[in-house]
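One chain, chain A, links the two complexes that follow: it is found with chain B in the first and with chain C in the second.
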Partner chain A sequence: MALIQEIDHGTPASTAEKTVRLVIDGNTVEVPEGTSVMRASMEAGIKVPKLCATDMVDAFGSCRLCLVEIEGRNGTPASCTTPVSEGMVVHTQTGRLKDIRRGVMELYISDHPLDCLTCAANGDCELQDMAGAVGLRDVRYGYDGENHVKARQNGEANPRYMPKDESNPYFTYDPSKCIVCSRCVRACEEVQGTFALTIEGRGFESRVSPGMHESFMNSECVSCGACVQACPTATLQEKSVIEIGQPEHSVVTTCAYCGVGCSFKAEMRGEEVVRMVPWKDGKANRGHSCVKGRFAWGYATHQDRILNPMVREKITDPWREVTWDEAFAHVAKEMRRIQFQYGKGAIGGITSSRCTNEETFLVQKLVRAGFGNNNVDTCARVCHSPTGYGLGKAFGTSAGTQDFDSVEHTDVVILIGANPTDGHPVFASRLKKRLRAGAKLIVIDPRRIDLVRSPHVEASHHLPLKPGTNVAVLTALAHVIVTEGLCDEAFVRERCDWSEFEDWAAFVADPVHSPEATQAFTGVPADELRGAARLYARGGNGAIYYGLGVTEHSQGSTTVMAIANLAMATGNIGRPGVGVNPLRGQNNVQGACDMGSFPHELPGYRHISGAEVRDVFEKLWGVELNHEPGLRIPNMLDAAVDGTFRGIYIQGEDILQSDPDTKHVKAGLEAMECVVVHDLFLNETANYAHVFLPGSTFLEKDGTFTNAERRINRVRKVMSPKNGLADWEVTLKLAQAMGLDWNYSHPSEIMDEIAATTPSFAKVSYQLLEEKGSVQWPCNEAKPDGTPVMHLDGFVRGKGKFIRTEYVATDERSGPRFPLLLTTGRILSQYNVGAQTRRTDNVAWHAEDRLEIHPHDAEQRGIREGDLVKLASRSGETTLRSTITERVAPGVVYTTFHHPGTQANVITTDYSDWATNCPEYKVTAVQVSPSNGPTVWQEEYDAQATQARRILPLDALEPAE
Partner chain B sequence: MSPDKMRYQANQIATFFASQPEDEQVEGVADHINKFWDPRMRAKLFEMADESTEGFKPTLVAALQKINRPGQFGSVG
Partner chain C sequence: MESRSMDAEIALKTEAIVGRLKPLEGPLLPILHDVQKEFGYVPKAALPVIANGLNLSRAEVHGVVSFYHDYREEPAGRHVIKMCRAEACQSMGGDELGERLLDLLGLDWHGTSDDGAVTIEPVYCLGLCACAPAAMVDGQVIGRLDDRMVTELARAVKA
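Now for the complex of A and B:
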């Protein structure tokens, strides 16, 4: 294994189709028009010396190192800013150029510390490389002149010197090593789009400054790492590299956080991760990253990880460590006992959207083939199950229609119920880049999210709807499009069922659906909504991106159908730049759904009632499959309370914290006789578990994740599982203990089984992924290279289906007792239940959940910034600190659910989507009042959690008497 | 699941399909419940309905005839 060296071409690739031929140092090169001379040289294998150029950002031409000579032209132009032209003859190395370059390097080095041997970037420093490349042997100016290097000069403090900024937990900024190439500033602008960095001062005074001469931590910096990656020296340096040293080998793998699915190089020293660096060839992220994937992987070695299996009789007992074999035998015995006593259907399982495709496939197989029922579900139940249902109905397939590259061809973006700058940051950066280039944005969200207005991005329309009125707003958009004649009739006639369209068009055209009529209860001004509808329908390529603000409602599935209707009616489907794009929450939630994790369908979204589909699996697995749908997660909990469901195997999910109505979840878990939790940490659900099976991290196993664009990416093992077994091995051995004849020696064999049984994965294999890097399903005989954009020539189901979307108000309404509406979401630095990110330095940004409340509502209640407040709903109450902000409208409050101490889901109710039971997290009627301490619930919860997490010391295993 | 919650969820399904074209309404409710409700939930729904359909939306009542009534086989598993 070696360190993967990515080629830096110096300037971005040109997308021109026309090519140009030129001669560089005697080599003839053919490159697309618009390519820089520097990039063309690199294509020919000639490295022109450079410092301020890197191919993640546009050429800048400041370092004067990349000069070349071009026959017939005067002077020595910079190769990074000079585009190629036909017949050009370039010389990259001449006596004149050598002298100039050496002179430039002399100036740089005269104001740079000479501590190369002890510098953290030693071996990975472009300045060092360039000094070598130009043959720098002496610095004629000496080192005693004015400089930024020395803290004291001539016995006095050096006013130009600035000490290291170590405020960011993950990287340092050492101004003394800065060469002011401005790569970091440009990366922050062009790649990340935050504009947190600038160059302050002029000439010799110039230096990089976060915000207005602030520390990194106090500036707008979001710690995405783009600047660190861009820095050619040790000025911006990962603290992990400072601590450990340079990596010696690297492996390409996939981030285990959100559904963007960024590709990273895990840069290693032995089995120790030195740093995670975004991979430029990663097709989801194109070399970019966020604070979670780039830096927040320390949880993998956190001391809280449980490394030995544990068992206990009652949840009030302390845990007892056992061997793996004992644990498997115990679970097998208990599960079989429960089935014997209460029936075959009295047990079930939950697959994890954080685990690999192969692992989720095995868990659902264990349930269907081993437990003999279909009681399997996954966390998509509580996030995107309405996407599966709604898009399946409309288009015939349960997934987003585009790849992320598609956004580069989009002219108008509608963003509904999603906050990508926090939830899907790398996609947000790609979106912002497109918006800065001129695309228009429509935001439909009760909160004024960052994208409504942030540096160099401003939404053309923000429709600040009242939580719970999505269907009314989307149907009103459809009303405008239909009644103003903005439909793409040719598209609809060709691609959709015309009579269904006519029925739908007549339905939405009813004046009750007009924006003027719905304004009263949606809160969206009619003229603003009309403007948005016109822009989307007629603004060019229109793409809809949406998140859980769409799905987590009692009408979640209806909203997804309304989105599909809009895309079809305007012809915005079936080509790059358009489409319907659900932003998936977890790294492998798409994959978990694809793999048959839902109780009603087998892998590939095929209903369990279909005898032909069952037959495929029955023959291969040698069992008879139950033809009835199984229980969904909320149904399992209901059945547990009823006494018909008594045992569960939960892989990598924390339902007690993440699922709604915590008290109900707790009651369900308490009613069960064998709760098996398979996780990295003693999570909140484990407080109610009888068996704990330690899990492995994404760094410790092989497999695949499927991201929001249906892209199957490899996850590669870079270290041995600290708990001894990869998660797929745990499920495998559990199945064997239950008497199943399973034999897999590597996850690739599981993928082969998936491909053999699931038509949309027919051509997927580890060998193909090795060759292509990644592939988007469907990948089969018809599409051997995968499918970046779906529904190109027709919908998967045949004709696109228009479905009427009648608005039905949720029964969760504000009233005198609970006058405010609570909506919940995520924050950039934390992820989901926080089990991983809370165990990293990301807590520096978000140490607790806060309640966002409008100044007007706060003042009425006598609440000041940072006050402890009680948040109460009909389900329960909790306390947390307030943040007073106009991001939320009056009447709306907002919080995150990352911290178990807050238990935001004590507040949420048991209302759910009519079609899928996806909980209505986004609307809860609440009251907020000043508080002086934790609620009784929080205190009792803490006490129970402490009690439940006791582990017997090994020497206490022998009975005392 | 409490009878109230079950009635509520079944009515939610009926409410959606009641807004659809007339010939899809009853079939839609029955098909949805057959496809997504496990047998013990359907058994419970029938237990309630056999006693009284009070509080059931009309579309739901009409759909009952087309919802698969779980037999002995598979009532719990």
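Now for the complex of A and C:
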């Protein structure tokens, strides 16, 4: 294995279709029009020396190293800023060029430290490479003049010297090594879109400055790492490289955080990760990353990881470490005993959206084939189950319609209930790039999220609706589109069921759905809403992106259908640049749904009641499958409290922290006799577990993740599992202990079984993924290369279905006791329940959950910035600190759910989506009041958690190896 | 506390300037000019206000302000002398005159006298090479400087 060297073409690719031919150093090259001479040379394998150019950002032409000579032209133009033209004859190496380049390098080196041997970038420094390339042998200007290198010069402090900025936990900024190529500044602007960096001063005083000459930590920097990646020297350098040294090999894999599914090169030294670097060929991220995927992987080796299986009789006992075999035998025996005692349906399993497709497939197979029931569910229940239901009904497939590249062709984006700059940062950067290029944005969100207005991005319309009124607002948008004649009738007649459309159009045209009628309870001004509807319908390619602010409501499924209606009515479906795009929360939530994690569906979204579908699996698995849908997570918990559900196998999900109404979840878990938690850490759910099976991280196993664009990406093992077994092996051995005849020696065999049983995966194999890098399902006989954009020539279900979307107000309302509405969300640096990110330096940005409250509401209650406040709903109460901000409207408060100390879900209620039981996280009536300490619940919870996490000393066992 | 209320006042006045000049094409430089006119310098506290008003980042505004030497970080003296130190003036003895003037004022380049009377700055070409050595005093250019004029100048600005 070697280090993957990606070719840097110097300037971005041209998208022109017309090509031109030119001659470079005697080689004829044909490239698209608009390509730079530098890139054309690189295509021909000719490296033109360069420092300020890199293909992630536009050409800049400042380093003067890439000069070339072009026959018939005067002077020595920079190859990065000179576009090719037909018949051009270019020379990249002439005597004159050599002299110029050497002179330029002399100037650079005269103000650069000569500590190459002890420099962290040694072996990975473009300045060093260029010195070699131009044959630098001497520096005529010497090193004793004015410089930025030495802290003290001639016995006095050097005023030009600036010490290292080590404020960021993951990288350092050493101004003394900077050559002011401004690649970092341009990466921050063009790739990330944050504009946190600038070049301050001019001439010899020029320096990279975060913010207004601030430290990186105090500036606007979001630590995405694009600048570090762009830096050609050690000026911006990962601290891990400083600590460990240069990596010696790398492996391409997929990030295990959000649903964007970025491809990374895991750069390794032996089995130690040196750094994660975004892979430019990754089709989801195109070489970009965020603070989580790029830097927050330290949890994989965190001391809190549990590496040995553990068992206990009662949850009040301390844990006892056992061997894997004992653990498997114990679980098998307990599960069989419970089934014998309480019936076949008394046990179930939960698959994980964090784990691979193959692992998820095995867990649902274990439940269906091994447990003999369909009591399998997944955390998508609490996030995107309405997406599956709603889009399945409207279009016939339960997934987003586009790839992420589609955003580059979009003219108008509607963003509903999603906050991509925090939740899906790499997609947000791609969106912002498109917005800077002129696309328009409509934000529908109760909060003024960053995209409403941040440097160089401003939404044309922000519809700050009251939480819970999504359906009313979307139906009002449809009302405007229908009554103002903005529908794409030709599209609807050709692609959709016309009589259903007519029925729907008559429904939305009713004046009760007009924006003027609905503004009283939605809080959205009618003229803003009308403007937004016109813009979406008539602004060119219109795309809708949405998140959990859509689904996590009592009318989540209705809202998804309303979104589908809008897209169909305006003809915004079935080509690049348009579509309906759910931003999936977790790395493999799409995959977990695809793999048959729901109690009513076999892999590929096929209902369990279908005899033909069951037959496929029954033949292969040699068992008879139950044709009745099983229990959903909330039903399992209800049944547990009722005493009919007694055992559960939970892979990689922390239902106690992430599911609504914590007290109810706790009661359900407490009532069970065998709770098996399979996870990296003793999570909150494990406090109520009887068996703990240690899990493995994404770095420790092979498999695939499917991201929000249906893209199946490979996950590759880069280190041995610290716990001994990859997660798929754990499920496999558990199944074997339960007497199932399973034999898999590699996850690729599991994928082969998925392909053999699931039509939309028919052509997927590890070999195909090796060849193509990644593939988007459906991938079958008809689409052997996968499907970037769906519904191109017609909907999967045949005719697109319009469905009436009647607004029904949630039962959760503010009143005298609970006058405010709480909505929840996440923040950039933390991920979900925080089990991973809280165990990294990301806590530097977000050490605790905060309650955002409007100044008006705060003043009424005598609350000041940073005060401890009590947050209470009819379900429970907790305390946390306040942040006073106008991002939330009066009457609305907001918090995140990353920290178990806060337990925001103690507050959320048991209301849920009518169709899928997806909980109503986004609306809870609450009261906020000043507080002087944790609530009784928090204190009791902490005491229980401490008690439950005790592990018996190992003296009874043999010493560990 | 005092600095916070001063920052608040700066923010308020800057906001008014931004509001007035924002409709211009390329409004940043005119805004910075007016801010400098208002306060005698460009206070750091004004930059985030400008950034927010124009929907730029703080870094971008800082990059522009720091690029132009004429935008001051601190208030200048009542009089501002800019001595040309570019090639033509150097060849006509500008360096020596500059040193002499510094001596007379008891200041170094970019310095302001303790009584706030005068600030002296180097400048690189006033476009008055034909009349070198040249200087600019409170916006007025003076050519063909000599020892006598420099002495007089030092006396005049201190008065």
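Heads up, the rule we're going with is that the second predicted complex is superposed on the first by the 955 of 961 C-alpha atoms of A that agree within 3 Å, B and C clash if a C-alpha of one lies under 4 Å from a C-alpha of the other, contacts with A are read in each partner's own complex, and residues count from 1 in each chain.
Quick note on the criterion: a residue touches a chain if its C-beta (ideal position, glycine included) is under 8 Å from a C-beta of that chain, and two chains touch if they have at least 3 such contacts.
Note that the coordinates shown come from a computational prediction; the quantities given were computed from them, not determined experimentally.
If you count the residues of chain A touched by chain B and by chain C, you find the higher number for B. Judged by the touch definition given at the top, the superposed model places A:F491 against neither chain B nor chain C.
After overlaying the two complexes on the shared chain, residue contacts for A:G211 are found with chain C alone; chain B is out of touch.
In the superposition on chain A, A:V808 makes contact with chain B only, not with chain C.
By the touch criterion stated above, A:T194 is placed in contact with chain C alone, chain B being left untouched.
When the two complexes are overlaid on their common chain A, residue A:Y766 makes contact with neither chain B nor chain C. Contacts of A:S219 after superposition: chain C is touched, whereas chain B is not reached.
By the touch criterion defined above, A:E458 lies against chain C but remains apart from chain B after alignment on the C-alpha atoms of chain A. Annotation: chain A has no residue touching chain B in one complex and chain C in the other. Only residues 44, 47-48, 51, 55-63, 66-67 of chain C touch chain A when the two sit together in their complex.
By the touch criterion given at the top, residues 1, 5, 9, 12-13, 15-16, 19-21, 32, 34-41, 70, 74, 76-77 of chain B touch chain A in their complex. Per the touch definition, chain A reaches chain B in the complex via residues 339, 342-346, 372-375, 503, 554, 557-558, 599-600, 607, 609, 626, 628-632, 635, 638-639, 642, 644, 803-804, 806, 808, 910, 912, 914-917. Contact residues on chain A toward chain C in their complex (touch as defined above): 194-202, 209-213, 219-220, 453-458.
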